[in-house]
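Down below are the structures I want you to see.
You will see chain A twice below: alongside chain B first, and alongside chain C after that.
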Partner chain A sequence: MLSIANILNSFDVWLNKLLNPTLVMLVEMALIAIFAIALFAVLGLVLVYLERKVSALIQIRKGPNRVGPFGIFQTTADTVKLIMKESFMPDSADKFLYKTAPFVVMITAMLLLAPLPFAEGVQIWNINIGVFFITAVSSLSVIGILMAGWASNNKYSLLGAMRSGAQIVSYELSAGMAILSIIVLTGSLNLQEIVLSQKDGWWIFKGHIPAIIAFVIYIIAVTAETNRAPFDLAEAESELTGGFHTEYAGMRFALFFLAEYINIFIVCAIGATLFLGGWMPFHIGNWQAFNHVMDFIPSSIWFFGKTFGLILLIMWFRWTFPRLRIDQLLNLEWKYLLPISMFNLLVMTLIAIKGWHF
Partner chain B sequence: MHQEIKTTPSGDMVINVGPQHPSTHGVLHLLITLNGETIVNLDPNIGYIHRSIEKMCESLSYRQFIYTTSRMDYLSSHMNNHACALTVEKGLQIEVPERAEVIRVIISELTRLASHQLWWGSMAMDLGALSPFFYAFREREMITDIMEETCGARLTMNYVVPGGVMMDLHPDFQKKVKAFIVQFKSKIGEYHDLVTGNIIFQNRTKGIGMLSKEDAISYGVTGPAARGSGLSCDIRKLYPYATYQKLQFNEILETAGDSFARYMVRMREMEESVSIIEQLIDNIPEGEFQAKTKAVLKLPKGEFYTRIETARGELGVYLVSEGGTTPYRIKFRSPGFSNLSALNHMIKGHKMGDLVAVMGTLDLVIPDIDR
Partner chain C sequence: MSFLSNYIKEVYGAVKSLLTGMKLTGYYFTHPKENITEEYPDNRATLKMADRFRGEVVLMHDEQNEHACTGCSACELACPNGTIKIINKFDITPEGKKKKAIDAFVYHLELCTMCNLCIVACPTDAIKMAQTFEHSVYDRRLLTKQLNKAGSKIREGVE
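The block that comes next holds the complex of A and B.
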């Protein structure tokens, strides 16, 4: 059967015939790097376009519609503009940190692409502690934001970075708890194995109500972790003008901007993998014919479909809700989400021990 | 050369909000002393858009000076003109025809609606919800279209002349206003669903920016901002002008005194304005739309004062005449100026994020403060 995994395997075999193993590894690493950068760019463009179209739909507007058919090249044109722009740097900025910060944020986002199972057997790095890797690396992005806020030597940036630090550190806890509640069910940190464990049903259905609670908490927490409205306090345009990236212009700003969208993609991809079965097709019990039709849809389409479904949900939040205040934001996490998710984890553990899940 | 961030002697950070800032909606400059995220002190700094309108008026005739006032509170431009025309009419003892007065009231209420809708959209936008702005503009666009057909301008209308209005209504006026009322009434529920009922919005505005009735009086706060504190100050009720005494309408009062109360006052005022328009739109009397006046107006020697209720509060026009063709001195008592003075009192001790929630409900228009 023609699938991405088969094509990649035969390509690997063909390369091995041509070159010696060390060279093969080097060539493949280079190709993967190109792939990661290309995916980063394409995803950024697609998601920005999607965001603008979704917001236009919600706000009874048309959205981008001039550059190319339905305005699909609008984001490309914007990127070209941002590349051409002067990367202005304030005179009093801490030069090294100021220049490094966008790359820290971007590299963090790119590293997170590594353990994602994009389709059946397609994964950049099949690491057995995939979930752990993701939770560990994703918390690094806050360092980039704090660097940007501090190095800009701007009061708005400093306030934004301060907020962002408090926010990401707190919401990581409940996001981690929500992820853990699926890990106790699967008993594995390997993302590919987690997907395989959902062969007979997605965890959101198999895990009873605790899984649904974990899913809701996960979505709220990652919306906050990626600094998206209604938790966009780090940017908070109407309060802090631009928050931590007030002083950034040109491509340096665009890197923050793209990293934000890649982070959304990644958290939604993880959500889809853990709760919605990743690339697993949708099956209903004994409906053989229905299940067979579902199997025909390629696994990559299932993965991207679920991920983009979650992305649309998060975009819908952004264009509907007002922003929270910083103390309300922290109250929500420490007084509600964290206790609930801790209790939920206990219930989930009980379910896993007793084997009550399907 | 990493510069030290400047602080006050007590270690608090001083931050400049404005004159270029997305949520000051104009060139308002606020010097804010912050302790962490908490506002310790707020010092408004105005004058960035001062155009000396009052001084300009001294060299313009009694027909001309009315139109500079459209640029004060540009969202209540018709009402500013109305106040000036009333002052001139008071001085010259001109009887304004019934038809002109009714037209003036209808346009005033339409202006109030347009102003409140813009406020609703921008207030939600300040709080981080970007979509309501577009919903507000959907209905506001109908009003501006009506204005454009009536007097040629969409925002800074110059429709009022001493003794009446500049020209008669266009034939489609009633039909279009009725269409607007139908549209507005079907969409006001959407406004409440989208913003008023939102739990985040309520948490952001309830108990924030408390202003007691006594403080409202001592700071001279007027308009919806004062009525949210239970202070009865609607000039349309207290000192009726034009045809307001013949109309059935309620003065909207809320007693909580917080941002949410001020928000609700404006939301309910919009519905009240619609009911005023509904009472008048089918009963526009026939007749002249302008009283016969002399070509050159000369006010008798003396002092004249009128006040009206604009969308932001009480606008007072104080005019001193020496008997010539131009005013000797004009002073406007603008609602925005007094309302801004209460901001420091209301915001102290709140978080930086509350600034927009409090400032939004004061509905400041900066050209109105500076003039």
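The block that comes next holds the complex of A and C.
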């Protein structure tokens, strides 16, 4: 059967015939780097277009509709404009940190791509601590934001960066708790195994109400972690004129902008993998015929469909809710999300020990 | 125990109010028909203005080039910012009587705020608000208009 995994395997076999193993690894690493950059570029264009269209529809507008049919080339035109623009630096900025910060944010997002299972048997790096790797690396992006805010030598940038720090440090906790409650059920940190454990139904259905609560908490926490409205205090354009990227222009600004959308894609992909079965088609228990019909849809379509569904949900949040104040933000995390997710984890552990899940 | 029930009530109320908001935006998202945006320069031929839209003051003329303006200058008095200036003349009727009529109905579009007070003040319904809105010109003198057409006169029977 023709699948992405088979194509990749036969390509690997063919490459091994031509070259020695060291060269094969180097060539494959280069190809993966090109793939990652291409995926980032395409995702950036698609997600920015999608966001503008979704916001337009929600606000009863039309959105981009001039460049190309339905405005689909609008984001390409914007990117070309950003590349042409001069990327100047404030005189008193910390030059080294200022130049490094966008790349730190970008590389963090790229690292997160490694353990994601895109389709059946398609994964850049199959490590047995995939979930741990993701939670560890995703907290690094705050360093890039803090670097940008500090190096800009601007009080608004610094305020935005500090808020971002407070926000990510606190929301990481409840995101971690929500992820843990699924790990308790699967008993594995390997993302491929987590997907395979959902063969007879996704965890959000199999784990009863605690799994649904964990899913809701996860979505709220990652919305905060990616600095998106209603938790976009790090940018807060009405208060801080752009927050940590106030002093950035041209392509350096575009890298921050792109990283935000890539991060959304990645957290939604992780959410889809943990709660909605990743590339696993929609299966119900032992209904063989139904499961077989669902298997006809390729696994990569399942993965990207679920991921984009979650992205739409997060965009829906952004264009519905007003921004929280910093004290409300921390109240929500420490007084509501964290206690609820801890209690939820306790219930989930009980379910896992007693074997009450399906 | 009242603490716990208050806590749960608070969470429930918050979730409910958030879902109410999402329901409305979700409705707009799934119903693009609600969109009221006009793609203006493209649909110029078929553009429909709202009934209440007020573009500029016009003096209505019929086919015989007759209007209903008696020159009473009620509109000039009603105007809050001196947009309208009525210049009268006196026609001599066949019986030898003098009769007041307008010589020029001068309208300064550049001063007009489209407040509609002149239309309300007019006792003979001679003027009305038109729906035109493409008023921009390169020379601002062109914005001072004479509303009565050349050779027009007052309609018979309008006093």
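Here, the second predicted complex is superposed on the first by the 352 of 358 C-alpha atoms of A that agree within 3 Å, B and C clash if a C-alpha of one lies under 4 Å from a C-alpha of the other, contacts with A are read in each partner's own complex, and residues count from 1 in each chain.
We take it that a residue touches a chain if its C-beta (ideal position, glycine included) is under 8 Å from a C-beta of that chain, and two chains touch if they have at least 3 such contacts.
Computed from a predicted model, the values in this text were never measured in an experiment.
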Fit or clash for chain B plus chain C once both are placed on chain A?
clash
On the A-aligned overlay, A:316 touches which partner chain: chain B = first, chain C = second, or both, or neither?
second
Under the stated touch criterion, which partner chain does A:325 make contact with: chain B (first), chain C (second), both, or neither?
first
Looking at the overlay, does A:61 come into contact with chain B only (first), chain C only (second), both, or neither?
both
Just to be sure I read the superposition right, which of the two partners does A:70 touch: chain B = first, chain C = second, or both, or neither?
neither
Between chain B and chain C, which makes contact with more of the residues in chain A?
B
Quick one: classify A:132 as touching chain B (first), chain C (second), both or neither.
neither
Quick one: is A:205 in contact with chain B, with chain C, with both, or with neither? Answer first, second, both or neither.
neither
Between chain B and chain C, whom does A:103 touch in the aligned arrangement: first, second, both, or neither?
neither
Looking at the overlay, what does A:336 touch: chain B (first), chain C (second), both, or neither?
second
When the two complexes are fitted on chain A, the stretch of chain B hitting chain C, from 110-118, 146-154 or 182-190
146-154
Indicate the residue numbers of chain A shared between its chain B interface and its chain C interface, in ascending order.
58-61, 319-321
Considering the complex alone, what residue numbers of chain B touch chain A?
1-3, 5, 13, 15, 21-23, 34, 37, 124-131, 133-135, 138, 194-195, 198, 200-201, 203-204, 351-356
Once bound in the complex, which stretches of chain A touch chain B?
55, 58-61, 91-94, 153, 155-156, 158-159, 163, 229-230, 232-233, 236-241, 319-328
Hey, which residues of chain C end up touching chain A in the complex?
11, 18, 21-22, 24-26, 28-29, 32, 34-37, 39
Hey, which residues of chain A end up touching chain C in the complex?
54, 57-62, 65, 316-317, 319-321, 336, 340
